[in-house]
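Here it is: the structure, laid out below.
Every chain is named by a letter (A, B, C, D, E, F, G and H) in the order it is written, and numbering of its residues begins at 1.
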Amino acid sequence: MSEFKYRRLDRSDAAVLLVDHQSGLCNIVGDFSPDDFKNNVLAVANAAKYFKLPTILTTSFEQGPNGPIVPEIKEIFPKSPYIARPGQINAWDNEDFVKAVKDTGKKQLIIAGVVTEVCVAFPALSAIEEGYEVFVITDASGTFNKTTRDAAWSRMEAAGVQLMSWFGMACELHRDWRNDMEGLGALFSNHLPAYRNLITSFNAHK
Amino acid sequence: MSEFKYRRLDRSDAAVLLVDHQSGLCNIVGDFSPDDFKNNVLAVANAAKYFKLPTILTTSFEQGPNGPIVPEIKEIFPKSPYIARPGQINAWDNEDFVKAVKDTGKKQLIIAGVVTEVCVAFPALSAIEEGYEVFVITDASGTFNKTTRDAAWSRMEAAGVQLMSWFGMACELHRDWRNDMEGLGALFSNHLPAYRNLITSFNAHK
Amino acid sequence: MSEFKYRRLDRSDAAVLLVDHQSGLCNIVGDFSPDDFKNNVLAVANAAKYFKLPTILTTSFEQGPNGPIVPEIKEIFPKSPYIARPGQINAWDNEDFVKAVKDTGKKQLIIAGVVTEVCVAFPALSAIEEGYEVFVITDASGTFNKTTRDAAWSRMEAAGVQLMSWFGMACELHRDWRNDMEGLGALFSNHLPAYRNLITSFNAHK
Amino acid sequence: MSEFKYRRLDRSDAAVLLVDHQSGLCNIVGDFSPDDFKNNVLAVANAAKYFKLPTILTTSFEQGPNGPIVPEIKEIFPKSPYIARPGQINAWDNEDFVKAVKDTGKKQLIIAGVVTEVCVAFPALSAIEEGYEVFVITDASGTFNKTTRDAAWSRMEAAGVQLMSWFGMACELHRDWRNDMEGLGALFSNHLPAYRNLITSFNAHK
Amino acid sequence: MSEFKYRRLDRSDAAVLLVDHQSGLCNIVGDFSPDDFKNNVLAVANAAKYFKLPTILTTSFEQGPNGPIVPEIKEIFPKSPYIARPGQINAWDNEDFVKAVKDTGKKQLIIAGVVTEVCVAFPALSAIEEGYEVFVITDASGTFNKTTRDAAWSRMEAAGVQLMSWFGMACELHRDWRNDMEGLGALFSNHLPAYRNLITSFNAHK
Amino acid sequence: MSEFKYRRLDRSDAAVLLVDHQSGLCNIVGDFSPDDFKNNVLAVANAAKYFKLPTILTTSFEQGPNGPIVPEIKEIFPKSPYIARPGQINAWDNEDFVKAVKDTGKKQLIIAGVVTEVCVAFPALSAIEEGYEVFVITDASGTFNKTTRDAAWSRMEAAGVQLMSWFGMACELHRDWRNDMEGLGALFSNHLPAYRNLITSFNAHK
Amino acid sequence: MSEFKYRRLDRSDAAVLLVDHQSGLCNIVGDFSPDDFKNNVLAVANAAKYFKLPTILTTSFEQGPNGPIVPEIKEIFPKSPYIARPGQINAWDNEDFVKAVKDTGKKQLIIAGVVTEVCVAFPALSAIEEGYEVFVITDASGTFNKTTRDAAWSRMEAAGVQLMSWFGMACELHRDWRNDMEGLGALFSNHLPAYRNLITSFNAHK
Amino acid sequence: MSEFKYRRLDRSDAAVLLVDHQSGLCNIVGDFSPDDFKNNVLAVANAAKYFKLPTILTTSFEQGPNGPIVPEIKEIFPKSPYIARPGQINAWDNEDFVKAVKDTGKKQLIIAGVVTEVCVAFPALSAIEEGYEVFVITDASGTFNKTTRDAAWSRMEAAGVQLMSWFGMACELHRDWRNDMEGLGALFSNHLPAYRNLITSFNAHK
């Protein structure tokens, strides 16, 4: 046996934090095409909903230039805790946010947000320090350009954050297709055009 | 006055040809991310519908590996002429297709399809030869990679094809926001995430 | 002698059209980094001012999501014609705009704007058709991504538009450093960091 | 009718010229990955064989550093004219080569080779001047890097050369899948891994 | 002496796991050109065969959209354990698969598959946890795009997975050209076009 | 609780070192566009000033080809320690520099400079060894190209340097917008054109 | 016969113009790596010397920030006309320069310089207008970035300038290896590292 | 004080290993332009000579397709140990090579070679295991493409190899310009065109 412990996403022990996916901030994301980024963000949200993970929404200054939360996200989680932070840049500096996290009782935190090196990395580092297992969904977290992204990733890697894609997150949570083939297939069909095409061809031929 | 004549898209004189957007073929497109390509193809289709342009669908070997037409396209145009070509690679070699084009009575043809250098370029060149004004929607036409794309564009440019984006197409057809602000706004909101964000911020602040 | 006529920018016969450089639209530009684009746009504006070229500003729906004109541009041209178009997408469809262009009495039009395939290309093609010599400043004209840019350029090239950079524009207008070494040097120093560095080193060593 | 004449590849009127695909020269190609380039070159060769097009091979200094012709090409065309040029850089300067071309009696020439701006562009321009219709297979023609490629393409475009991919060439020659579905399918299966995958899936599901 | 132990591939102690190289899944790989990816996958397979390493094949849902295993791989290993998983996404969750791995008696596992962050990373992390030395062949493992790839690599690096290319794998296993110059040369000649060219030139000149 | 300690920038315990941002050296930076790099360097400088962090300037051979310090930096810090090193390549080898650092009494060092693998990495590694917490501002540190950058980052990461962007630095220092909304907003408005656009739109609409 | 005339470089009718390859200006070139650009510029110069083409050197403000001509170029052409322009940006506006061009008695002009859209494009367009055949060596002509390069190429292409690489230029001038195998081989060996490697291997094996 | 020890290159304790820079192998390097790679390799060699570091040359199968060592390297080190390995792929498996390394008596090893993941990484890992401090010069070590490079770097980083550029190596060895301004300046002038330009401008102006 090695010293390495595979900290694996577990749907019974994971919560999702969606940080500052606001209309203004999303328009300063430059390391993804807008179509890719919108798709990935909604994919994480829909995966969280599909796996019934407790999900916490938070925003920064939504009355100002940052703009309101992307409406689709709010619609997916109408009853989730929603912390509109009055000023704290690091969501973890906001007591309501931390309380909401703790109230979930989960020890695995899945985080995505805008921008990566601030709204994602800061709470990720804070949560690691507090003993959480942190998984950052990299393709649903955007920043100005690839240079700032690479630096953000480096800092989080050094802290023990696990970097994932939303697809990897969904697969690791699901474990086995037989748990619900239809449901997972629908999630992929809606957010992976290439997989949707495979399904279309398959259904046509079978 | 110059010799140049600005051949401008005119909603009363334009038809749309969507060529071989099939599930198998779309998965060999390599010059766009799948999210971008799916979005652009549906944007062209929805623009055609919005402007009520006569639209012709055609497929190549849909019973074989190329797969069926992307279902969303079929759904947008349930009553449009649909020519499932039995073998002709250049749609213009299919009499039914050409008849459908001629039946529209339009002299401007807007073409998009997969793959660019074949399914798009071949009928585009044929149509130019027959005297049509041809506009290729480049961001809804995909091929293997950027090298094959560049060559396809070169050949079409030399023939007088006008290369456009779906956004340029929509704007040139619409002419004036006052013709229908809501409708055009909805089209952009649905297919341009960055523009949707602008609208979201605007609505929040106004 | 060849048939080719070098249509060269002439400060006594050129006007500048700045089209839709608005705060919302600039944030959907994806083919330049924000720093590069801001710099290039202000460079064109400052070059226009430096060469005392008649300059026309126009905006599209500035009360809506497109946002107001970038304030720095307005400040550089406080007395220039400013046409806030009520709905026409192609500025050339707006009578006031065309009148303002004609009132300049110039036959060379230098155009930059957002987005390239619409706000720039449409009036460029219209102006070419009317017999103007058109020069598009490519690095101060932005669009969604490089694919849409390439298509926009192709369409304009085919119409006889001359594609330039703001630096090429300034050099062709100035003709000879001796006309005003200080002034041109200042323009370059303010908008070309690498040239500014050359000047800094030169001044230190000489 | 327009002035444009769609000069379309015609299997009864086309010959193929494979120029300097030699082992040494191929290793200085930098605008394709080695796998892509090898595949594309063999695809052109196999397409030429499949369509039974008269094919002419030529090499430059094969006894020197340029190395021998890629053996696979020689094997595909064991009886084709093979002109080992004693020194002429432009194959068209070699009388035997031109005679071999003329002996085919074809007026459409399909050219691929290494390097693009020399071994391809030079005979392409010579042939255009002599009245041939010239089609360059861009993805089977390599050069040092993308800058030299772009310049080579520009020069050929200006001369009226039609730029194509090997896939476009095959499709334009074939015209209709019904002419031989098996044969064309095999060609694609062997040289388009993504299409091969489509066939594999199709055969498994049908 | 340092604390670092060079865990070096040893042909007497290594097994190969080829995970989910299926026709449908391969067509959603976007971080390699199809030619490159096909070549690399077959290179790993042929290297495994050449070095007579016990090799285990596994697939996910091969009756569905994912499609059947790429036939060439099956042909190379007609008698290898082949585990068609009924639903487990992580192959290591499948008892038959783990038993097959354990039955090899090897402690070094060489893994390649599609997609990298799931079908490769999940069993890689599981195997590391169980004390295996894990080597992932990065150029025979594909995923959606470079962003998802980078995240997948990061997670595996943090776990102690060694990232390699198929060429590095072959060289580290072979140790000394004199063990079999012909065999290794043939492997390289078949899967490294540039090396094949070197051999061609060498044979011509020597 | 985990073993990880989030070493977070603290405005009461941080000093800034700007190393060798000289006119000649800046012109050999190739991993950023000149506009981006100038903006980022001035952004770090203005952030340092805004947060009133003790800042130390140093140059290498400013009388020679490296050229003088970029004048804007000198102007921002007219009274800061300024160490013109007589020859030491690693600023940490210069006693005056180290003394200036120690005199700040801070234990967190924020470093940016040209070129990354020398002028930044050398003092960063020295400072880490001496027990400082080191934060390198990656987007204000330039080098020849991305390959040399990647290697420089790797070496610093291995030593425990935290890689950040200037935006991340500013946000981590500020902690809470309410500490001074105007000031932070102005910093962002001046150095993030996309954020400035958000503010412009916001002010217009509100 | 076609209308196209292959205007082919002829060593008896070609002159070379090297424009503003000055130490300061070369450091603002951003569309080539410094190694590539230096090599390409010296390759053009050495090719000009090798083919004994009349060569004219010119500089812009060499006493100022632009810096002196790259010394290696001056050394290659110690007796060539050298026009240090007192202020004209377009070299063709300088009477001495035009006189020097006319004195060569050649009608083909090969031009390279810095920056492409000004120092190269301006005289190229002027020369075309005067009836010269103009060939621009694109890989020895540099500018700020690829966007400004593409625009510069577009303008020159439209005017009938032929875009080439230095390698294409050398091959077209040489015509036949037998004219001087040693000389051309030496030129390639000195400026094409990959070709030098081919020669090294060849000499070792033969 | 931290636990980190800055292992700094020390000219009294460093040796250089140049591994398999052979004419054939260099032509399969694809992650650098040929000009860049040649320059970097010679820069490392000349730096090693300049600092009088014991240098060991080794080759793999130089009688076969790999070709002879690049002649310039051999010329720079006419009397250095030169181990033509009869078959060992990892140079560290060759007793003569290891003996030569040990005979230097140095504990810091600077390694560069072709290809990175084999000829560089294998001996680097072996040397780390034996307790050497290993510095790999990344820009003088080439491989097939960036994917294989990234994997090679990852494996070496994990082992504690320090990744550097040749420029960083030279600067760290030199420590202080005053040790020999002329010598270091000459090294930079010969291998950094941009720095050479700075010197040219400086000398002209001073």
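Keep this in mind: a residue touches a chain if its C-beta (ideal position, glycine included) is under 8 Å from a C-beta of that chain, and two chains touch if they have at least 3 such contacts.
Molecules present, by chain and UniProt name: A, B, C, D, E, F, G, H = Nicotinamidase/pyrazinamidase.
This structure is a prediction, so every number in the text was calculated from the model and none was measured.
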| item | value |
| --- | --- |
| Which listed pair, A-E, B-E or B-C, duplicates the contacts of F-G in over half of its pairs | B-E |
| Selected interface, B-F versus E-H, where C-beta contact pairs are more numerous | E-H |
| Mean-CA-position distance for subunit G (Nicotinamidase/pyrazinamidase) and subunit C (Nicotinamidase/pyrazinamidase) (Å) | 30 |
| Between subunit E (Nicotinamidase/pyrazinamidase) and subunit C (Nicotinamidase/pyrazinamidase), distance of the C-alpha-averaged centres to the nearest whole Å | 54 |
| Subunit C (Nicotinamidase/pyrazinamidase)-subunit D (Nicotinamidase/pyrazinamidase) separation of Cα centroids, rounded to whole Å | 43 |
| Contacts with 2+ other chains: residues of subunit C (Nicotinamidase/pyrazinamidase) | 24, 27-28, 30, 33-34, 67, 144, 160, 192, 194, 198, 201-202, 205 |
| Chain-chain contacts as defined at top | A-B, A-C, A-D, A-E, A-F, B-C, B-D, B-E, B-F, C-F, C-G, C-H, D-E, D-G, D-H, E-G, E-H, F-G, F-H, G-H |
| Residue ranges of subunit C (Nicotinamidase/pyrazinamidase) in contact with subunit G (Nicotinamidase/pyrazinamidase) within the complex | 1-2, 4-6, 8, 31-32, 138-139, 153, 157, 160, 162-165, 167-168, 171-172, 174-179, 181, 192, 194-195, 198-199, 201-202 |
| Contacting residues of subunit B (Nicotinamidase/pyrazinamidase) [partner subunit F (Nicotinamidase/pyrazinamidase), same complex] | 198, 201-202, 205-206 |
| Interface residues, subunit H (Nicotinamidase/pyrazinamidase) side, partner subunit G (Nicotinamidase/pyrazinamidase) - complex | 23-24, 26-27, 33-39, 62, 67-68, 70-71, 192-194, 196-198, 200-201, 204-205 |
| Contacting residues of subunit C (Nicotinamidase/pyrazinamidase) [partner subunit A (Nicotinamidase/pyrazinamidase), same complex] | 27-28, 30, 33-34, 144-145 |
| Residue ranges of subunit A (Nicotinamidase/pyrazinamidase) in contact with subunit F (Nicotinamidase/pyrazinamidase) within the complex | 24, 27-28, 30, 60-61, 64-67, 86-90, 93, 115, 117-118, 121-122, 125-126, 128-131, 143-144, 147-148, 150-152, 154-155, 158-160 |
